[in-house]
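Order of writing sets the chain letters: A, B and C. Residues in each chain are counted from 1.
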């Protein structure tokens, strides 16, 4: 690989990042423009009034509360179901496993509208009306698969000898689970919970068909954009982007700290091994 | 504290494959007993059956006279040391060691105290708060031993725990293991494919092949009086000559081979397909023909191994024989091409069947 | 199963099976069976449900053949039922989005896995992930602002003098395609990155050493190796695009229509859940056919796709 080509790569990467980031900057920037239409051109002066409007918009905050409740419920249920099914599928093999695996991952690939409609229909049939509870169940049906895949991947790096060692030392089945298996799975469960939470916040298709008359943030923003928008949505977007950035930075710092600690420990182990020889 | 183990006609099948085939052995309380054999001979399966991770297909396992049928691993008085040690990577060392106490509901202060005691016993006094990844291979080994000892087992089961270490450390840990065993008096059952380890550490060795126990004896008998060809050639080197017994009977018999007829010890079980086994260190190299058991050879290759010198001689019909001469500093090393004679003492050669009961 | 009992005991094993069973049966299989069954029944007032008029038929599916109109697919004029036209246009433009995403993503994935120094990778990934974490509705909304007739893009191009009059970007399917590519391109980057990353760099160097030109290196070595990643990315992008409702609704023009929008009209505007089911089922079939086609074409298994 010659150098001009490498330069081309850097330029492409930079352009791509700009392509990803500029729309978000424009959207966030429009939150500060004193113009009734959300835009950055023409700039009519800097204002904070869209944040004040946002603060006073009780419908948004109600939708936001709903979103958080649904996301929390989805995260909890999806983590429990996803972890249990990952452990189950990890212990079986052959044809049963591939069929089960297929049924588990299929909802990821199914269109959200189909999931939403089928959930609505089934529960309606047994007398359960639409509402956010159905949104939770509909979302869990595919989000649990993400958790399952993450936990399954983590399980593959798990040394089952550790469980045998614990059993051999007299641990009960529950103790093996709590002290040996779950601590190993925590990173995957944590990541699964985070993904489940964010996927749920993002979700539009399933929620639209199952929500009944309740609003979540995504549905609310959607209906706002369609029916006359004010830059309050941009103010909200600005806050969400900032929150995302902060979370990302916290996550990354935390990850680096842990990696550093582990690297230091391993270096010490290697030094100790060298001393032995 | 320590308990004996009886394996009574134990078999274990995996599908149509019989991993362990009618094994009978009584292991004494406080004994250091090794199962020695090549990989796939069923020794690990025996260990897993004793610890309770695998159920025997038939036969009984008794520990301290008590039948273990239906007893889960966590209910047996055994502690297993895994081949890869299976230390819990997410717990500090002291929690690893006291895990067996933790699950029995022992309070934290007592656990910590016990962990520190055991760390002192295995010579790692300050490692309690370290993580597993901070330790060297040998240190991890000691932690695994301490963890197993913490539950005060009557029997320790060790599954080739030294195989991951390099040669020098392995030899050091042999002595260490032996010392810990003597200090604690716990019955040790040790699994290995390394004959050196088994011979050096054990009170008794059980040699296994294809699921069957071939011979149970103390290390000296295993080496000096193997009961069959498998034991003889798995433990140590041999010159092996096919042929037939001429005048069967107890004691010494004549044995006719392609390179001559020799006199050698004949075991009781020496029926059917038998061969003659002579260890290279029992071969002597002479300039002239010896009184008996002597065969003329041309020296083909001489390799200097340090503590001994290996001489390969080729007989008239092309059979290669090896003699190992102890290097006492003055041994004469024959040059390749020299015509010489190889002889051996009839009492040091054995006529043995291939395997027992095959 | 025996293994599970031995490790976790009967109580925990039963819990694992019950939880998995609840998920797969109650949340996945039964709803889809209900959907399938409902799609063959007529839309009736509540009093008639279960009555003599409530019989199975293909009438709901036949509705897709109503109302023939004139239209065009990629410039080819056609005359066909309006819903079939929508269906075919959804497939065509989803495929176009998939191809565009691949063209954008492949160089980036190669750059990330083979060119850039590993030390700057975590930072780059973080910068790529942040836009992904910002909600889909906001990403579509961002382009709604940018592409507006008096929006920043037209302002920018006018200022530079590249155009004389504002361009109507949200016309036909253009806005939808721009929005879908932006929203889903990262779903193409990550699988291809994973695939190329597992390629031994020595292979590239060996080919280089043997005198292969750079395009031949890609054509003969890197591309074949990244096949599972491409398949995975293509499936994800196509499915998400064909199933998207947000982007076509926000960035669509009066003369664009996405198949999910048709489903939504049946479900929420006409309140005809039965026809809605039939249409939803057709979308599901389309997706199944597409996934199996890609799996056959790229010779990959479901395990490779769902990563």
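One rule holds for everything that comes next: contacts are C-beta pairs under 8 Å (C-beta built on N, C-alpha and C of every residue); 3 or more make two chains touch, one makes a residue touch a chain.
Keep in mind it's a predicted model, so treat the numbers as computed, not measured.
Touching chain A and chain B at once is no chain at all.
Which two chains touch most often is answered by the contact tally, and the pair is A-C.
When chain centres are taken as C-alpha averages, the shortest distance to the whole-protein C-alpha average belongs to A. Chain A and chain B have CA centres that are 55 Å apart. Remark: chain A and chain C have CA centroids separated by 18 Å (rounded to whole angstrom).
If you average the CA atoms of chain B and of chain C, the two centres end up 62 Å from each other.
Shared interface positions of chain A, defined as residues touching 2 or more other chains, are 167, 172. Touching two or more other chains at once are residues 53 of chain B. Remark: chain B residues 51-53, 72-75, 78-80, 82, 84, 86, 88, 90-91, 99-100, 102-104, 131, 133-139, 147-148, 150-151, 166, 168-169 touch chain A in the complex. Interface residues of chain A facing chain B in the complex, by the touch rule stated above, are 159, 161-162, 164-172, 175, 179-180, 183-184, 262, 265-266, 268-269, 272-277. Listing the residues of chain C that touch chain A in their complex gives 1, 3-4, 7-9, 11-12, 15-17, 19-20, 22-24, 27-32, 34-35, 38, 104, 107-108, 111-112, 114-116, 122, 124, 126-131, 133-139, 141-146, 148, 150-152, 155, 182, 186, 204, 208, 214, 235, 239, 242-246, 249-250, 260, 263-264, 267-268, 273, 276-277, 280-281, 283-284, 287, 291, 302-303, 305-307. Those residues of chain A that touch chain C in the complex are listed here as 1, 5-6, 9, 12-13, 16-17, 19-21, 23-24, 26-27, 30, 37-42, 80-81, 84-85, 87-89, 91-92, 98, 100-115, 117-122, 125, 137-138, 140-141, 144-145, 149, 160, 163, 167, 172-174, 176-177, 198, 201-202, 204-205, 208-209, 217-218, 221-222, 225-226, 233-234, 237, 240-241, 244-245, 247-248, 252, 255-256.
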